[in-house]
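Next come two complexes, and both contain chain A; in the first it sits with chain B, in the second with chain C.
Let's look at the complex of A and B:
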């Protein structure tokens, strides 16, 4: 297992390095000239040349890359053209919001996916004539894009019934806490009322990004459960006289969960993409809003930094998934 | 004298299953079975795949697959419990206290993500008891083995673990469903011996479900023969094996591959369940005789293998020498069998000659004028791409061998003739063919351009007696018609003897003995070869000799 962990760790580093290289190259190939963006259109040639030297842009590409890498490792992600503040400072403000939304979405997706899986098995078992109807219903929902679901949620829960708020993370704008995670901070501050309020704000956007992935997860989980139930070792367990509950808990869930975990890791990507849109709909002050503003103004340091953060998050999550899978299935430790 | 009441009674049992997926029509799998299993009795339940024998075993266990929506009528009583109406709780208690089960494939019947110990304790209830039982069934270092996962054990050891779990509750009845089919002959013998010992110790009954009359004969007191969901004949082992009454049983026995099957004649063929009434190919094959092969003077050998060496890394520090300087030749038109246990290196040679693996050292030279070497795999029928039409599959091989397109039609039709298939199959996708047809297509594809050598990798080991006899007949027929050289890898000497002119016995990467097939079987020199010969279950011969 230690060797397995070491290998996963090394390959994680390699992928992150490759990611940084790609981002760096994109940045240097970009038609947007950093110097012009910083100095404006009316700068003189001398000013531009001076700035180029200052930024090290007159040096060979590999020297620039090594410096870029050093800066990233020290947490220096450049200055936003637009806000004129260090990108890292902006990120410290926006990352927790997006992380909170993403984590809530993931938890919801897993919980709902499991429910879908179990219910579709139940439907197949007790009302197998309805199986097709149920499957198509799920397929239709899975095909709906997050922004549509978000708008639908707003219309129903905010406009029609008025039970959930439409935007922001919390009603009390003055509240802030050390971690930036509203649910954590409100609890830490001993304010259950604010916790409830933050939860209400979180619910709709989290649902909007979770529904698609949850259905995909549910479908794969259901077929994985079905496949696992057909395995000989399930019959063996039954022949030992174990109860149905014992069989499912000890022999089925663990073996059925591996393909689902791969999928959860991959769906994280879809969810990040979802947050970029959904944050705009719900006025959620996170990376998505930050990013869409940056795209509009060609704010390349920001675009590159957010991409780096999201990419790194994706890679790290998938590495964690692989490690968990190896923990669940000893055969995977050998294959690595 | 009092006859004890039977432990299990089956009366007029009918089972209908609706297999999900297919056309969803209910199929009657058991058609009125009546059977008693007396205390301490070993019943061998013999039949081809699809005869319903495994379903009978599962019914006794109350474990028919729910997805197939079983409809069951009749009466099944096991250990005083009415299995068809008992509550889940009663059934669990029955399974825990009175029944033990051993399934076919020990790799899939153990949970791959659970340590052996945890799985054992589920059956025994205590760790110490689990260790004692593992020791009893012959698992070396049982305490250490408690901590490993199933994939870290050999097939034979896994089956021992499975048996240990089956006997943990001191069952009154052990249901063994093809417990040795997935194992080597030598391991099969050990496992059968173990089952027989445990049966004597526990004085329990055993229902031995198998397609192999030999296996049933080794262990059973009574044999029950099933076909298409019905019992055709039952009786004592000696009676069934030496004086079978029913024609079906007679054919089963006749088609059984044994150490005394006639080498010059094809095996008797008979219809499997659900295959169409057979065609003129069967008649053609049954009229064939196979002369003794003699090397043609001056002909170059089909394959020359020189000092092959191959080493596999097992882990970072240990390596396994799969082949250690192996040399041999196969003459043009000759058939050679390589025999040995798993791990002897026999499959590695095959893979190197086929070009699927490269040797560390040594050389393989095949005849340049013939087609590339072709492989026939364990399950020949399964090696066809399911969505391709038969015509496409055959044409594909012709294109690869560089046969001009204008000759395709003629070559394909000739190949179909050789394996006795109608032209109409050319437009059928291979997944729509029957099992027997698929085998034939696979062989037609291999022989359509006669290969320098036909490489066969245990093509009989996963098949029941009928399918095995069928493919051996087809292979010998092909050789007869097309005149190919063959290299045949198997762990079963009785198969090797039938198919090969010469046998090479391999052990741990070297050839330990070789010679003419009959000679090796009749007068083995090495102890290892003697063990292989002794492991072939041959109760028919034993009964007649007795």
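Let's look at the complex of A and C:
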């Protein structure tokens, strides 16, 4: 296991380095020049040269990369062209909102994916004629872009039925807490009413980003369940006289969940991309809105920092998933 | 391990493509629907009732009002015309992303699978590195760095799209290279490039066709997400994602303005997915 962990750790570092290298190269390849963005159009040649030297842009690329890497490791993610503030200060404000939305989306995706998987098996077993209908329904949902789901959700749940709020994270704008995670902060402050309110705000955007990944998870989970049901030990359990529920709970789910686990890790990428889009619909004050503004103004340090943070999160989560899988299934440890 | 032990259950190329002669109507229907959407988009200049960029009527006209089938937007442009043009911009782009991905991934995967050794190692390490990164985010960063626009969108997404194809094609090539007909050709002294072109590439084409057709829907969703974030063709040119994004604020008075471009994305994606599963059924994968 130690050997396995060491290998995973090394490959984690390699991937993170690759990510930082990609972002660094993009920054230097980008047609928008950092110095011009910072000094404006009317800067004199001397000013430009001075700034260039200050930023180290007159040095060879590899020196610049090492310098960039050092800054990133010290938590310095550059200065936003637009706000002139350190990007890391802005990030501290926006990251919790996005993480909360992403985490809620992931939980929903796993729960709904499991429901899809179990219900599609149940439909195949008890309502055979409906299988086609069910499959087409899932196919249709999978084709809807997250922003369309968000817009339709707003029309139905906010405008028509008035049961869910349309934007923001909480009605009481004055409320804020130490962690920046509304669900945690409201509970810590002993305000269950605000907790409920924050949960209501969270529901629609989380649903909009969760539906797509939940269908992918559900499809793989269902086929993995079907495969596991064919194993001899399941037949043995049946012969022992266990009920179907007992067999699924005790013998099937755990064995079938391994491919699903790796998929959950991979779906986080799609989830983050969905978050960036959906935040703009629900006025969610997170990285998505920050990123959209930065795209509009060519503010590449911001775009790069957001990608680095979310990308690093993605890579780390996937490494954790691999380690958990190896913990569950010793064969994986040996294979690696 | 003897090669015969690893022989995959697989039909020769001509027999596999013969699946296309089947009368499997649902599968053909899926393919026909996608072709219909594709043609609708490409023929937008003929089909669209109005100019997509110029205001042509009262702003905020509801669908059906004043003869605008899908209504007008916040400055009085025809939503139907904009959506048709938007589909016309999106579908070829999605097809191009997948075509470039298939071509690059196919070539790299084939080279790696035939040459093996260090070339294989280097190429697959690079592919794995890409696969370990969150593809949509890296695509966003690439396009944002280059500065948006259709060409950059195409380049950025294609750049992250190939490794997936390369991996699958390499696996397929390696298993094909272990087949007796390839071994026989090698013993007869046929050069490697000729073995590749004549005995291996035809064998991977059905796989490529299926992979490609299953991927067009995913490419469409990715393109619309990037366009939504403002990384596509700049306004006022019609594009599905950015038309929805720019009009989110109008949702509560005039739902059709942001929703209909989204439904456009939905139509393209669902017909592409239907065509993909149709192709898979016909080619028996």
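What we mean here is this: the second predicted complex is superposed on the first by the 324 of 336 C-alpha atoms of A that agree within 3 Å, B and C clash if a C-alpha of one lies under 4 Å from a C-alpha of the other, contacts with A are read in each partner's own complex, and residues count from 1 in each chain.
The rule we apply is simple: contacts are C-beta pairs under 8 Å (C-beta built on N, C-alpha and C of every residue); 3 or more make two chains touch, one makes a residue touch a chain.
Values in this document were obtained by computation on a predicted structure and should not be read as measured data.
In the superposed model, A:304 makes contact with chain C only, not with chain B. With both complexes placed on chain A, chain A has more residues touched by C than by the other of chain B and chain C.
Using the contact criterion defined above for the overlaid structures, shared-chain residue A:24 touches neither chain B nor chain C, since it reaches no partner.
In the superposed model, A:152 lies in contact with chain C only, and not with chain B. Using the contact criterion defined above for the overlaid structures, shared-chain residue A:241 touches chain B, although it does not reach chain C.
In the superposition on chain A, A:291 makes contact with chain C only, not with chain B.
In the superposition on chain A, A:181 makes contact with neither chain B nor chain C. Those residues of chain C lying in contact with chain A across their complex are 129, 132-138, 140-142, 144-148, 217, 221-222, 224-225, 228-231, 241, 244-245, 248, 251-252, 255, 258-259, 262-263, 265-266, 269-270, 273-274, 277. Chain A contributes residues 11, 14-15, 18-19, 22-23, 26-27, 29-32, 139-140, 142-148, 151-152, 154-155, 159, 166, 212, 268-270, 272-274, 276-277, 280-281, 291-292, 294-296, 298, 300, 303-304, 307, 310-311, 314-315, 318 to its touches with chain C in the complex.
Residues 61, 63, 65-67, 88, 92-97, 99-101, 103-105, 108-114, 122-123, 149, 151, 162, 165-166, 169 of chain B touch chain A in their complex. Chain A makes touch with chain B in their complex at residues 125, 229-233, 235-244, 250-251, 254-255, 328-331, 334.
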